[in-house]
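Labels run A, B, C and D following the written order; every chain starts at residue 1.
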Amino acid sequence: MSQIVLPQSQISYLSDGVSLRSWLLTTDHKRIAILYMISITFFFFLGGSAAALIRYNLLVPQGMIQSAETYNRLFTMHGIIMVWFFLVPAVPVTIGNFMLPLMLGARDLAFPKLNLISWYLFMAGGACALYALFSGGIDTGWTFYTPLSSNYAQGHVAAVVIGIFISGFSSIATGLNFIVTIHRLRAPGLTWYRLPVFVWSLYSTSVIFVLATPVLAITLILLLFETLFHVGVFDPRLGGDPLLFQHLFWFYSHPAVYIMILPGLGVVSEIIPVFARKELFGYKFVVWASVSIAVIAFFVWGHHMFVSGQSLFASVTFSLLSYFVAVPSAIKVFNWLGTLHKGHIRFDAPMIYAFGFIGLFTMGGLTGLFLAALAADVELHDTYFVVAHFHYIMVGGMVSAYFAALHYWWPKMTGKMYPEMLARAAALLMFLGFNVTFFPQFILGYLGMPRRYHAYPPEFQVLNVLSSAGATILAAAYLMPLVYLTFSLFRGDRAPANPWGGLGLEWQTPSPPFTINFVVTPVVTKGPYEFPKPGIEPSDV
Amino acid sequence: MRKRHRLNLLLLLVLFCIAALEFGVSLPPVPAATRPILALPAAIMAVLVALGYMRLLDAPAIARGFAMAGIFWLAILLGLAMTDPLTRTIYAVTRQIGS
Amino acid sequence: MSEEVAPHTHFQYADATHQSDTAVAGMWLFLASEVLFFGGLIIAWMFCRHWQPAGFDAGGRETVLWIGTLNLFLLITSSFVYSSGLAFMEAGNIRRLVQCCVVTMAIGTLFLLLKFYEWHIDLSENLFPAGPFKITGTDAGGARMFWSFYFVATVLHALHMIIGVGLVGWVAVQARRGAFDDGWYTPVEVVGLYWSFVDIVWIVLYPVIYLVGRG
Amino acid sequence: MRLTLPLAASTGAQTDLLLLGLLAVSLAVLGLVFWLMLVYAIRYRHNSPVDRGALAEKSFRFEISWTVATLVIFFGLFIWGSTIYVRLYQPPANALKVYVVAKQWMWKIEHAGGQREINALHIPVDTPIELIMTSEDVIHDFFVPAFRVKRDVLPGQYETMWFRPDRIGTYHLFCSQFCGTAHSNMIGDVVVMSAQDYAGWLTTSGGGKTLAAQGKGLFIRYGCAGCHLGGGTVRAPSLVGLYGSPVPLSDGSTAIADDRYIRDSIMQPKSQVVASYEPIMPSFANVIGEDDLVRLVAYIHSLAAEKHG
């Protein structure tokens, strides 16, 4: 590769070459973040439409969609697309890719070409999975439990498994890139305890990316081998153990749910101090809470298998460990409240999303305690209580944090301000729609309605109709940002370099930033949240 | 440079000895319970190659950190997962499908 | 940060050693993920062997022991050869490095040829788990599973070996083209890490496949 | 539309108590978080003139206090949850055994007296019931919300679950592990009846020969009697009085001859050979189906009663 001449040009990364080729072969982390954002949004609305059809079907006890087969393929598609093609990559690859080098004062990630390969792997995996899902799909649920998925499933299990397998390498590449960048490319003076908490949460997420995803890769290879040759690795009739698949699958999938939530925790820890104009309460505790979540996340996967025939000793061990992993999340919530105490809170759109996040994430976390208690899990496992629990954390927590981050850094990424009033309305509508959709499901789960049911007994209908109604409000609330954010690209007024008064290095670059980020590498002297005396207007900082 | 070559050669001989030992130990019939000791020579050889040929000691500090992380997480996967089959009291009955 | 940039250094690195240490750290992290990848295979092997000890031993006895053992010694030697090639590189002796790379590639190819020959023997003896299988009776299930692990593990290892041989070849070509000097030879180091790691994987797989069944 | 789930099994009372306890803890924490957010949002909003006072208070004390508090509460919940869970693993000896065979998209239930039901389970009130369940294809899950119990049903091995119903009535039975196309149709009714009604149901629903009686016929037809009833040329362990007693095995260990041991010895005889006997018994793995196996096990179970009886 020829030697790179250091680009001296001061033009922004958006207008630095407009040909399709300059976008599709870019190694600029900012452009790759934009490419990812477009593909993430596509997958989000695709998975969302599958969810809408599921809620449509559950309006009546016998199911609006005639064939149960179609319903099974719908919820499997909803699960696969949302987990692997929206939630796992969501914040790290879009906001993380864009902001990490800026926050570190670096010019790009450690391995720019690897970053582009990561996007292409993600799209290749996505294309492969979409081909399978649209040419018939599969009816195994996103968990692929054997022997159902290996011996009894009709449909394109092999093609979907290969698609997810390829997209797994995209996660490993991104995680590897982030960890090495955070270690090696920090600006002078930027010590570990001066790093913004979002960088710490990206670091913890990347540790899980790199160390959990390979186990998913080998699990999918073994599943593929079993599906093609029926040799009995997971088939008890030939001597295999179906619980082995569940152990291997959940060893990846539980840390994966922490991959999904940790960046959200980082974003909220970034937004609350800025909009409360007050230093983050207990910075070191919040930081070490993120890192300890990344480590303990690997000890707890057995709580998915309390009633699946796992041994008594293992179940009791995993129940204890599952309670330990809940403690760091509790510490974070208390520290956010500590930050709000005696602050100067401004309720811009990102802050409304952050408040929504705290409320819904706390509810999600607390219902996790229900499922970690062994005897309660016997009653609640595989019912709508579990569905409500993980939607409170994934949709109430993660998606709210994604929208919060989107609105918080939108001026920096696009150089345009979003319409404030519309954004606040969308945030409140999303909070309302979400609760109407998913709170009834807690009650349905307690009443014993099992998951993944195409038809259900009539006594559950009222709550299901309520939930479906909420889903329509939620769908409307998701469409609003799509409209006004794209609208702001063309009509939005120019964004100042630092609209919110944030102290991170990313706010010291113009909006949108140059291709090389910093003409002169900044030197860091203070911590990330040492705000000047309160009362000063943010824009004149 | 000469010292490095001598070290490499010495390591090669040590590895050959351990490999030969491992091969030799496994020939006489050993009761099933003690077979996991075969993991010992393999682990020693792996560590020797990592320290000697991969020069883990003079690699940057975080590289050593990543190596330790890999081993630690592997131990979690193997250790915690094995608590289930080892303590599962009910018999996993196999039904042979005659080939 | 000085504007003139050392050769081969990407614009986001301060200097050459900064970049080479980063590359080495990046490779070690990738190897940690590979440890988990093969670790998943090992836990699956431990699980199934726990439920089917008799079947696994029956399957293990059918493996071709001499090829496995010869391959073990071959790979250890190849690690030694490549490592001494790296030592020559540090002293700036590129000709020796190219020779060591060629020898390493030769050993790697010999390993692969032996492995293909072993697979040929196994397939001819109906040891592929699907379809007609050599071992029948109560141990058939366990042996069938052993052989499915054998093929998954050896195919994955062979793929890693093929990539390794390709990488060493790329290093040899670059070295002959004069891309490296004693000031900058990071790719040689990084490929060395990958090659020795593939050797370690075989060191761990060897007893699992060949010896445990025969004990 | 009701919002509470009636309890129909005395073994479920503890679980209900635990659920209430968890709800109380959650509401307390939630209330604290929501209240604080509301207060801070109003009191410390941007332009409110209220005095902010000393800003930089040490955070260490707060951190340790709420970390320790959460640890203690969580540990308590863990202990409470697992003590109840352990009891699920210990069915009482006198429990009424009912065999359940799950098949893709139906529940086949067989009572000791030979009665067979599809997607329905009739049981007497106030007697501990132990379900011995296995599956013929994929993983299912026997879930009765009213009894607060569920258990995955794995193919190729027995899973047991027990409860003591204490209210007469009909309750839902769901399959709660996704098992394919008609997963949502794999439901049924659990009918808890008084002792007299149950006895009446037993006779009217075609009991006919008991499971054990049918098992005796199979015991002869499959040739087990040839070796195990003595008098034959082959030396084989006697099965009289076997059920429930410890069996010395050839590898030195001893196993308790319960349902699983008997089933395992029929399907894979060489895995646990009785001490001082040759492993010559052929495997009946693909000869005997799930239903016949249940009858054979019931017959061998009845041989034990013969000795004690």
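In this section, a contact is a pair of C-beta atoms (placed from the backbone, for glycine too) under 8 Å apart; a residue touches a chain by one contact, two chains touch by 3 or more.
For clarity, every value in this text was computed on a predicted model and none was experimentally measured.
A.B. asks: More C-beta pairs touching across which pair, C-D or A-D?
C.D. replies: A-D
A.B. asks: Specify the chain with the shortest distance from its C-alpha centroid to the centroid of every protein C-alpha atom present.
C.D. replies: Nearest to the common C-alpha centre lies chain A.
A.B. asks: Just the number, please: Cα centre separation of chain C and chain D in whole Å.
C.D. replies: Centre-to-centre distance between chain C and chain D: 46 Å.
A.B. asks: Using Cα averages as centroids, what's the distance between chain A and chain C in whole Å?
C.D. replies: 34
A.B. asks: Could you give the separation in Å between the centres of chain B and chain C, each centre being the mean of its C-alpha atoms?
C.D. replies: 14
A.B. asks: At least two partner chains per residue is the criterion; list those residues in chain A.
C.D. replies: If we look for residues of chain A contacting two or more partner chains, we find 183, 211, 215, 236-239, 241, 243, 247, 251, 309, 312.
A.B. asks: Out of chain C, which residues touch more than one other chain, so two or more?
C.D. replies: Residue numbers touching two or more other chains: 21, 25, 29, 32-33, 36, 39-40, 43, 47, 51-52, 138, 141, 144.
A.B. asks: Hey, what residues on chain D touch two or more of the other chains?
C.D. replies: Residues 156-157, 159, 268, 283.
A.B. asks: Hey, which residues of chain C end up touching chain A in the complex?
C.D. replies: 1, 3, 5, 7-8, 10-13, 18, 21-22, 25-26, 29-30, 32-34, 36-41, 43-44, 47-48, 51-52, 55, 129-130, 141-142, 144-145, 147-149, 151-152, 156
A.B. asks: Any idea which chain D residues touch chain A in the complex?
C.D. replies: 1-3, 5, 12, 14-15, 18-19, 22, 25-26, 29-30, 33-34, 36-37, 40-41, 44-46, 52-53, 55-56, 59, 62-63, 66-67, 70-71, 74-75, 77-78, 80-82, 84-86, 88-89, 104, 137-139, 141, 143, 145-146, 148-152, 154-157, 159, 172, 174-185, 187
A.B. asks: Which chain A residues qualify as touching chain B in the complex?
C.D. replies: 183, 207, 211, 215, 236-239, 241, 243, 247, 251, 298-299, 302, 309-314, 317
A.B. asks: Where on chain B is chain C touching in the complex?
C.D. replies: 1, 4-5, 8-9, 11-12, 15-16, 19, 22-23, 26-27, 29-30, 32, 34-35, 38-39, 41-42, 45-46, 49-50, 52-54, 59-60, 62-63, 66-67, 69-71, 73-74, 77-78, 81-82, 85-86, 92, 94, 96, 98-99
A.B. asks: Considering only the defined contacts, which chain A positions touch chain D in the complex?
C.D. replies: 63, 68-69, 72, 139-141, 143, 145, 147-148, 151-153, 236-237, 242-243, 276, 278-279, 281-282, 285, 306-309, 312, 315-316, 319-320, 323-324, 326-327, 330-331, 333-335, 337-338, 340-347, 355, 358-359, 362-363, 366-367, 369-370, 372-379, 381-383, 443, 446-448, 450-457, 459, 462-463, 534
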